[in-house]
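Naming follows writing order (A, B, C and D), and every chain is counted from residue 1.
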Amino acid sequence: MGKINIVQAINQALSQEMERDIDVVLLGEDVGKDGGVFRVTEGLLSRFGPDRVIDTPLSELGIIGAAIGMAAYGLKPVAEIQFMGFIYAGLEQVFSHASRIRSRSRGRYSVPMVVRTPYGIGIKPPELHSESSEAIFCHMPGVKVVVPSTPYNAKGLLVSAIRDPDTVIFLEASRLYRSIKADVPDELYSIPLGKADIYQEGNDFTVVSWGTMLHRAAEAAEDLDCEIIDLLTLKPFDEEAVLNSVKKTGRLVIVHEAPRIAGFGAEIAAFVAEEAIEYLKAPILRVAGPEAVIPMARLEDYYIPSKDRIRKAYETVMKY
Amino acid sequence: MPTQIIEKFEVKYLQIIDEKGQADQSLISSFSDSDLKRFFEAIILARTFNQRALSLQREGRIGTYASILGQEASQIGSAFAFGSEDWLFPSFRESGVLIARGYPMWMLYRYWAGDERGMKAPPDINIFPMSVPVGTHVPHATGAAWAMKLKGHRKAAGVYFGDGGSSKGDFHEGLNFAGVFNVPVVFLCQNNQWAISLPRNRQTAAKTIAQKAYAYGFEGIQVDGNDIAAVYKATRDAVEKAKRGEGPTLIECFTYRLDDHTTSDDALRYRSKEEVESWKAKEPLIRLRLYMEKEGIWTREYEDSVVKRAQESVDSEIKKSESFEAPNPSDIFNYTYASLTPRQKKEIKDFGWER
Amino acid sequence: MGKINIVQAINQALSQEMERDIDVVLLGEDVGKDGGVFRVTEGLLSRFGPDRVIDTPLSELGIIGAAIGMAAYGLKPVAEIQFMGFIYAGLEQVFSHASRIRSRSRGRYSVPMVVRTPYGIGIKPPELHSESSEAIFCHMPGVKVVVPSTPYNAKGLLVSAIRDPDTVIFLEASRLYRSIKADVPDELYSIPLGKADIYQEGNDFTVVSWGTMLHRAAEAAEDLDCEIIDLLTLKPFDEEAVLNSVKKTGRLVIVHEAPRIAGFGAEIAAFVAEEAIEYLKAPILRVAGPEAVIPMARLEDYYIPSKDRIRKAYETVMKY
Amino acid sequence: MPTQIIEKFEVKYLQIIDEKGQADQSLISSFSDSDLKRFFEAIILARTFNQRALSLQREGRIGTYASILGQEASQIGSAFAFGSEDWLFPSFRESGVLIARGYPMWMLYRYWAGDERGMKAPPDINIFPMSVPVGTHVPHATGAAWAMKLKGHRKAAGVYFGDGGSSKGDFHEGLNFAGVFNVPVVFLCQNNQWAISLPRNRQTAAKTIAQKAYAYGFEGIQVDGNDIAAVYKATRDAVEKAKRGEGPTLIECFTYRLDDHTTSDDALRYRSKEEVESWKAKEPLIRLRLYMEKEGIWTREYEDSVVKRAQESVDSEIKKSESFEAPNPSDIFNYTYASLTPRQKKEIKDFGWER
């Protein structure tokens, strides 16, 4: 047990799982010698060698496409896409293949692969390094989507993602990589996919969030008696946890940084409006990115949901 | 002096049996009589399968179907060159490849009738499900071959795609990885001169597809795709090279799609009857028959008996295919993930499909 | 004025707009000599020549990517993607470029292009010919999404899409192409983007739908006093029309064929749960595709929302 | 006999001034003294800009920055070869290209400080905004060049990307279209030997990037990318060829990234000091200076005055950049669509950003 950050937690998960299972291989741009641009895979090349920690050409489609073939053949590839903004080239591979090969072959072949990628706003990087497009992956049946929020759950969820028999998109908030340190068991452990974490118990309203925004949503909730749900797995999400909480509190605010329109918050809201409308005392509010291209550094802080905007939403639902 | 030549390439073309049935003696000698008969019989079988598929489609008994007529040599010659331990990655126009590898024809008919169960390859047949999105399966073959290499298995992967498929980014990235990581894969371009209505010379300004291999640092070769001996030999050489650890090869099978693109297409809208006729003279069976006849391996009776056997076999496969139980609606859910999610269980219940 | 189907209506829109504006060019697979696999562009090559009706290589990324360059330079490209299932290769071009070039260059460059593609389930085709992924385009700020439902609106909306200064994804329900004939003015006319159509007025509940499902939703509503909204433009959608209707009826059912989870129906539901919850008398129901890979022909009818499933939803909301 | 050679290629390499400042007389003669001075001065200016950008980044006055040190000849030599009517499509590492084309440096600094307004090219400068997603802008150049051709404009497009960029499907599809439609575009690969930590020989197994052109049916050439005369000549020839309607060219500028990948990178993690040192001897300014000195065009005083002017100019550009008013938050909305949607208007109101 020691206090480590998310970069270290993920590194531990990878390294311990690679130790345990010889079929796990990593591939991606700069994951080897350079240890990844965020140093998530640091030290793994020298430990596991170039057959298991593979520096690839600049080729997101190729990385995901080849990983599909590797997975179908029997390896457990963990592909890294350097930033989520560059995953789009691989979408056809994910949507038309990874998510369908089991169904297409009626179970003869499957694609147990993980695609890890840093996502989200908040590190003032160049353009397209701040994407948060989890919703589009959530829409496609056949893939799972996981977003850890702490060193502890990052390690345990990544282990589960690697062991999962289906393709898992594993989104790592770049803003959180080094900003939180917490106690994490040294040994290997796993946290089941599909289960939310009740980050804070409370009674007056429910907050649903994930990744970076979870922490901001929690900060904004200071001294309020609300229940905060950290979704952790977005697809399939923990319907029961959301429902139980909303039934208790009667109010719901969803916080995410992705654009609001057709973001994953819409699914949570629609789900509750279908299953628990009679419990609702207030409108369901979403605090999310606006209908605009994600700006570069100078305007970044204006785009990302601020503590104030989140707080305002809390206060609004509490008026009902 | 300031301009130097720093690299040179040549693109080779291989033909063993020409359209008139004349064979190159040094190369044909490696094929036994029974090899040639095996080719001949497989072409007849695939052709019989194909013709019946076209009729079944017209009768509404299967859905849209992509004919392989004219491409049997490219498909079967190459498929025969792989071992059963090797993995093949077909596109949707590879019925001939599957049949050559012993894929149950009744399952193929099921597939074309719109039933996914037809693409569940039997456990001993390492064939990936046909890829409908053109060219996008190329990186899968690279990945599987790479896994073979990393696991130390002495195997190869083979992937089939058309001239159209060579235009996709997936082709580029898949071949580039194969070159960089030197994996045991054979890229089999079925250049049938058309991608629906687009002729080959509008698909790319390169004179050959084969030469595209040099962009990835490995060898490409064009073969007469209607010459089953040439296709077999080029593929066999490439498979052996792959298994020796000497990396990938791109083989362009120069052939022709004699039928419409699919049963939904009308090729007369965009190409002439004359063009099609001129290629009919070059189709794979004629030259093989001529050569075998000259060598005393072919007789009319022999062919009749082969055709008869093929028809009987196809008949019984169709019967089997059509007597297969209807798919279970909840299969829609059962194979999306390894196990049902809570949401899916709820949906199955809502649909009244519980068992 | 004459009775024509949607294929003919789109063909008219293209041909009349090309006549009017010399900068309009068509490109795509088989759009020229073959007239398109659905014959939508039939006759246009001979009328406008190979410089304006362009058969391209098999290259969805290339088609969309080149069209972006054409549009930025000053043409008005209308790109055809043969089926929506093949558009995924072009998503990076749409998400990272078409939708952002105006913002990235602060208005110096823009991408006034249309990407037309047949979408949806119902013609028993091979795999991946039945996609209905409108939601993922709706999520990305910077592109518009239009889904016509009749010959009349197909023609008028396509004309607006071509004239629109931004990138428009224009989704044509393959199932409707030839199944509806209606009177369509011979002359050129346009229907503004962003405005829904009140397909049927009514009082007891509101139905929101688009494309193929609009018609099925209407059939299922036989003899019920409901208001049916044909969204027509999904992005940006007509918030006012939805809101006014729900305020009147107090009940909402959304019908679409895309998978339910994170589908565009979620956005409509979430929007209403935020803006009009106090008017709601019943849960908001979505009738949509299930959480499963879209099946091939044999099981297709089990996947697509049936008249019965839709009817059941209507009856359910009416119980409240 | 059965194997024929059906196609042959050669990849050429062009150098005019070598590392020692020796020039090929027949080729250098087309450059006047003032041409060479223009090159020299542009390199100094770009280098001054670059060095100051690195300092500003260290001081936290701009964000992550991608240095061009060592690549000035590849960038400037090629940029000078286009006319002002031509359109250029840079990647993020093309500050030198923009500066050579007269792009205001203060705007570039604004851009690197995270302000989109820096990428709004002035009306007379046809430069597309830098593409951050590597290689994905290649088809845009093809499309723009195609539009030029369709509109009958006698212009060309040029697109810059790295060795890494050549691995993307966008490169493949963009070059293939350019070949098929024979459009006036010049593809400029800045092969600086590294893509972050990946060395060129792991990016592709092809010996050169230039040879990839043959996959698309047009010519590729490798030039010494540290020789500004060679880069200029090869590009100029390609631009003229394009404008004559003779189609695209791929030019591989063989150069070296002397600095870290960006200011966020530490290149010592993956490459040796010795390698970098060996390339320092080949950098573009040394040989140009040597040659100009031999020709009596260069003196120490000349260089000093050029440097002084460059520094003054960069100083004043930085001042201008930093005194530029802060961006308006509602700009986030203002350029997403041509006009605000109702939802956006509501959001602006909610945010309290109405004007």
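Keep in mind that, in the parts below, a contact is a pair of C-beta atoms (placed from the backbone, for glycine too) under 8 Å apart; a residue touches a chain by one contact, two chains touch by 3 or more.
Please read all numbers here as calculations on a predicted model, not as lab measurements.
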If you average the Cα atoms per chain, which one ends up farthest from chain C? D
In whole angstrom, how far does the Cα centroid of chain A sit from the Cα centroid of chain C? 30
How far is the middle of chain A from the middle of chain D, if each middle is the mean of its Cα atoms, in Å? 36
Chain centre separation in whole Å, for chain B relative to chain A (CA means): 40
Counting only residues that touch at least two other chains, what does the list for chain D look like? 116, 133, 136, 167-170, 173, 176, 180, 202-204, 331, 335-336, 341, 343
Which residues of chain C are in contact with two or more other chains? 56-57, 59, 61-62, 85, 89, 92, 96, 99, 103-104, 127-128, 141-142, 236, 261, 290-293
So how do the chains connect up here, line, ring, star, complete, or something else (other)? complete
Considering the complex alone, what residue numbers of chain A touch chain D? 29-30, 32-35, 37, 55-62, 85-86, 89, 124-129, 261, 290-293, 295-300, 302-303
Chain C to chain D touching residues, read off their complex: 25, 51-52, 54, 56-57, 59, 61-62, 64-75, 77, 89, 92-93, 96-97, 99, 101-110, 141-142, 144, 164-166, 194, 236, 239-240
In the complex of these two chains, what residues of chain C are touching chain A? 85, 88-89, 91-92, 95-96, 99-100, 103-104, 127-128, 133, 135-136, 138-142, 235-236, 258-259, 261-275, 277-278, 280, 282-286, 290-293
Complex contact set, residues of chain B against chain D: 1-16, 24, 27, 167-173, 176, 179-180, 182, 202-208, 211-212, 214-218, 222, 230, 247
The residues of chain B that touch chain A in their complex are 87, 89, 116-117, 119-121, 123, 128-129, 131, 133, 136-148, 150-151, 157, 169-170, 173-174, 176-177, 180-181, 331, 335-338, 341-343
